[in-house]
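Some structures are shown below for you to check.
What follows is subunit A paired twice: with subunit B in the first complex and subunit C in the second.
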Partner chain A sequence: MSAARTAAPVLRRGRTGTRVKAAVLVVLALAAGVAGLVAGPAVTTADVAEVFAGGGDPLARHIVLNLRLPRALVALTAGACLALAGLVLQSALRNPLAGPEVTGVTPGAVLGAVTATGLGLAGWQSPTAVVVAACLGGCAGAGLLWLLAGRERGDPEQTAVHGVLVSAVLTGATAVVLLIAPGELGSVVQWLVGSTEGRVWRHWELLWPWALCWGAAAWLLAGPLTLLRCGDEQAAALGLDIGRARAAALACAVALTAGAVSAVGALGFVGLLVPHVALAVFGADLRATLPGAALLGAVVVGGADAGAQLLSRALAQALDADRLTVPVGALTTCAGAALLLIVARRRADLR
Partner chain B sequence: MDHREPGAVVAEGLRFGYPGREVLRGVDLRIGAGELVALVGLNGCGKSTFLRLAAGLLRPDAGRVLLDGEEVARLSRRGAARRVALLHQSAPPVPGLTVRQLVRQGRYAARGPLGMLRDGDDAVSARALADAGVADWAGRPVDALSGGERQRVRLAMALAQDTRILLLDEPTTYLDLRHQLEVLQTVVRLRAERGLTVVMVVHDLNHAARFADRIVALRDGRVAADGKPAAIVTPALLAEVLGVEGRVAPDERGGWPVCYPDHPLGVASHLRNENHIH
Partner chain C sequence: MRRPPAPWLWLLAVALPCAVAALSLGTPYVPAHRLPQVLGGDGLASVVVGELRLPRLVLALVAGACLGAAGLVLQEALRNPLAVPEMLGVSSGAALGVAAPLVLSLSVPLAVQPFLALAGAALGGLLTLAAAGLGRSPSAVLLTGAAVAAALQAALLVLMVLADQLDLQLIYRYLLGSLSARTWDDVTGLWPWLAVALPALVLCVPVLGVLRLGDDDARALGVRVGRARVAALGVTVLLIAPVVAVCGPVAWVGFLAPHLARRLRPGADAAGLLGYAAACGAVVVVCADLPARLLLAPVETPVGAWTALFGVPVGVALLKWRTPERSSPAPAPGDRAALRKAER
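Take a look at the complex of A and B:
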């Protein structure tokens, strides 16, 4: 406490600290990306290095440059989007439990994409249509929550309850659609859990401009979001048009989630938990924490992608299976659930 | 009194109600620049509602509030926040924000949404921190402060809005006596130094009588009494506005009226605890 007496040096130290943390995360994100490139089967680390040096045989070149590289990039970007969306939602709704998956956005996006696929309007051959359908579905899910929550919108607990309800309904609707029009059930189910399998350059080309645009929008909302975290009355008295600010934040979160979900499916817990870690690491100044959360999300999903590939390889060897893939979503959900338990226990202890 | 002068607050025929409950039933009030006015009255008499209307956070059903001669309901949210700062009775905690970061939020209206992205050493925030006496804690997290300290930080945030008009909604509620006096004396000092117009809701009539230039008592959504403390703080005011029977005597040293509330009106005499009355 006595160190905090002299405020200016503390703040300056805080800023350098932020830079160091951000640099560490950038390195980690790069490491996660590289790990994603070398973790899969059939191509060794040496082969990957050779490909990037400009050599390698045609098959290795194809696998690394056309399959693994876009996959790793999509995983990193989608992770960043999900984490950003989660932090924006949690700030705008002043609800630590708000995450893309409990606010109707993710299940809505899943329903949108599954419906479009079921109706034959979109398929894995046409990523553009899937992205559009998922985005529309995400907006519809968020809109449904908005309508249901009614007057209690500002109330964090009520919003969480309604969010869980909306999510349950939309998930049920998705199941119904899948029963009526199973389509390519295998790929759809993998997508429900969240997977980075088979992502190609087309996905990346669609994802990055979207992510960049909405990520920048999220960062520009840092000021209003900080005010929303202070409570509606306070924010309004300080000059914020809370209705408009919240609508802008929600639009931003919906767009980011829909982009991520349409690229990699419904990855569990990333959008819910990464913001908490980001706030703990970077503090409450959202100008630093929003980019920090994006980096953390990239590290988490990029790392999970690499981990899933390693796990698939190990399992395939152990079980002597020909081809076995563990979806990334399975990994993030398990890790996320464990982390949530730890956090809940710790908070209970603090009380 | 010139009602267009900067810092003047004028309410004209102000009416406001929630469905099924009328809160303000026609309030006319002229508060000059630089006045320190205490609003008193029973719970639910419309004091806080008046402040919210004056800050432009609620729209009146009828009548209007003029700040510096401009109707507050016609101002944009940001335009209103540049003219008037309102300190709410309480605010939800914001985990992780430091004192400096919270006080900086007061600059939102002045700098605009993108201005929040610049950091810079904002002289106005620094002055607000110093004026509220919280500069020493600037780097500390707000959650780590006591209730009284937090209230002064929130006062600093309101000061950072750098407005001529400051509205305080029960600034001393939840505070111990020492912190109550600290906050009120800070307000009095700032009023003198900055020439602020201050309208504050206070529950303690003795605080109102001691620190305010003028007391406005509300009852059932109307102004029941309005004047200098020495003129209007009387047993009649205690009875009619606050619903208590009591005595009033001038303070030995300061001369301001001091109330001694004895018991609530309308309570049968055998229920009164006469031991406390000598």
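Take a look at the complex of A and C:
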């Protein structure tokens, strides 16, 4: 009995429900984007509205149109990419703990990007090289985990533990690279934690074609991935070429992660936890869940971006410090760690 | 059949050349045979060797020994070959405790820093144990620890983003674990802590041997398992905190050293392994400090980066390709099969 066939009537029955949920998420994503636009310092909500009506003074226009808008768009897109990558990875490996952070993809991508920047091969002038290097690094990280996990690939928790070890090695390598070429340590550190500070149209222009292309690829893979979730034997019995489908899914996940990392850095826990929420909301049929996860990721990262801006504004007022900015990655990591604690606790209780 | 040479001979054979190299290599180069003469004399070379290289070597030895012993205590107490300070949030907590006042530009006397590290390490470790529960499966503890460590790391990164460029270099190096520019003052600051930690370590060793039998057997023998684990964690924190306060969390030594010790003394119990774990830790840090100091000269790289780069793969390899006939019949922690069994 294939899950796809059983899922079909369920999907037909739940289609209106899915549409409502998707509409709610679209509204939420828009709200997160708007919140990101108005949350920053110095420009009030009324100013932002005026700018979009076509008026406003030049400074406000510049801030809103050239700084805030690309920042919000980059945050939303990167969130969608990370969530998609996480869901694709978890489905392809049949491992609920296989986020891009845990499988060595994100640390590898960071290492690749840092190395390319440190060697002078890439910089803000040639952002394409950063993406390519991040991709290569992501593949290397995933490959390292593949080698390390050996025969215990099937065990989700073992893989996660090995992933932490791989991350440790890659972080060590990143540190060595950073300290050999210490020129831009400040900007690179923001990258390590994941930040949307100072993202401009250049980043957006680079990110969206990549995200669109690989997002479409992920959506095309939705059918095979749903089958892979049911188990290798069932998928093979239904005529799926398992090896090829899994390789395509992995390539897609690595590419999506690399794109997101090269744009906003390593945002913690988005790729690990958002897919779980998406699965809980939309069910196991990935044809509905993949777009849902993308929307949800956009909502989470966009909302976290707005939250980080509000928080840094509040902190700057409270502590009377100008240069205080809270990076988005700190918010997502803290929230994600709290969620993971709860999940681990519940899993342990179930045993 | 010839008896294989005693394990401590192996350790000595690695440690001595490394120690001599640590004292003699660098600028100025001091040939090994002139070392005693230079140490006794005066002049530029003797200042460099006596005031810079020698304290660094001693610090590397002490730090490595502490971290190695702490790693062994944690692994034995939680019966989990991957329970290392890094995985349980202990190291990150200690680092956070030291780095926070540095960034927020609060002036803290040198002697107070170990207390801050102690508080941070205890916070991280207790948070993990409290969240994971004491008697739970090893992998649940590890996952929880990874989450706690990630949250603490995020806090550290926020601090780093707040810091200005000059501080950032310092903090980044410190956070990776660096031995550069440490003097005799740093070394002497460690002794009082060791004086407290060592008796505690000796006291907790017999309990570790009982804990290894498994929770049920340990309880039947009259050990309160939960309390024993918390006590072991306390000893670990006592060992790690002063080291982290002085030279930062030298990563993954606590993972590699106990596995090396188990390879050197297969089938030994906790008491037999403890000395070897400490010795292995010391040797590992001294060896790792050589490339950290010399490989990319004149730039110094943090020793922690090298221990992470090479320590983790070697440790995992030791864990995986452990020869089956050597492992003891009882489920020794470190046995892969035991880990899998414990998970079920």
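As a convention for this text, the second predicted complex is superposed on the first by the 314 of 351 C-alpha atoms of A that agree within 3 Å, B and C clash if a C-alpha of one lies under 4 Å from a C-alpha of the other, contacts with A are read in each partner's own complex, and residues count from 1 in each chain.
By definition in this document, contacts are C-beta pairs under 8 Å (C-beta built on N, C-alpha and C of every residue); 3 or more make two chains touch, one makes a residue touch a chain.
Please read all numbers here as calculations on a predicted model, not as lab measurements.
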| item | value |
| --- | --- |
| Which of subunit B and subunit C A:Val193 touches, first, second, both or neither | second |
| Subunit B versus subunit C as contact partner of A:Gly172, first or second or both or neither | second |
| Which superposed partner A:Leu148 touches (first subunit B, second subunit C, both, neither) | second |
| Which of subunit B and subunit C A:Leu220 touches, first, second, both or neither | first |
| Contacts of A:Ala129 with subunit B and subunit C, given as first, second, both or neither | neither |
| Partner, of subunit C and subunit B, that touches more residues belonging to subunit A | C |
| First (subunit B), second (subunit C), both or neither touched by A:Leu240 | first |
| Contacts of A:Ala22 with subunit B and subunit C, given as first, second, both or neither | neither |
| Subunit B and subunit C footprints on subunit A, overlapping residues | none |
| Contacting residues of subunit A [partner subunit C, same complex] | 97, 148, 150, 155, 157-158, 160-162, 164-165, 168-169, 171-173, 175-176, 178-180, 182, 185-186, 189-190, 192-193, 195, 268-269, 323-327, 329-330, 333-334, 336-338, 340-341, 344-345, 347-348, 351 |
| Subunit B-touching residues of subunit A, taken from the complex the two chains share | 1, 4-5, 7, 10-11, 14, 94, 219-224, 226-227, 229-231, 233-234, 236-241, 279, 283-285, 287 |
| Residues of subunit C defined as touching subunit A within the complex | 82, 86-87, 131-133, 136-137, 139-140, 142-144, 146-148, 150-151, 153-155, 157-158, 160-162, 165, 168-169, 172-173, 176, 251-252, 296, 299, 301-302, 304-309, 312-313, 316, 320, 340, 343 |
| Subunit B residues within the subunit A interface of the complex | 55, 57, 76-78, 80-82, 85-86, 88, 91-92, 94-98, 100-102, 105-106, 108-109, 113-117, 119, 135-140, 157, 161 |
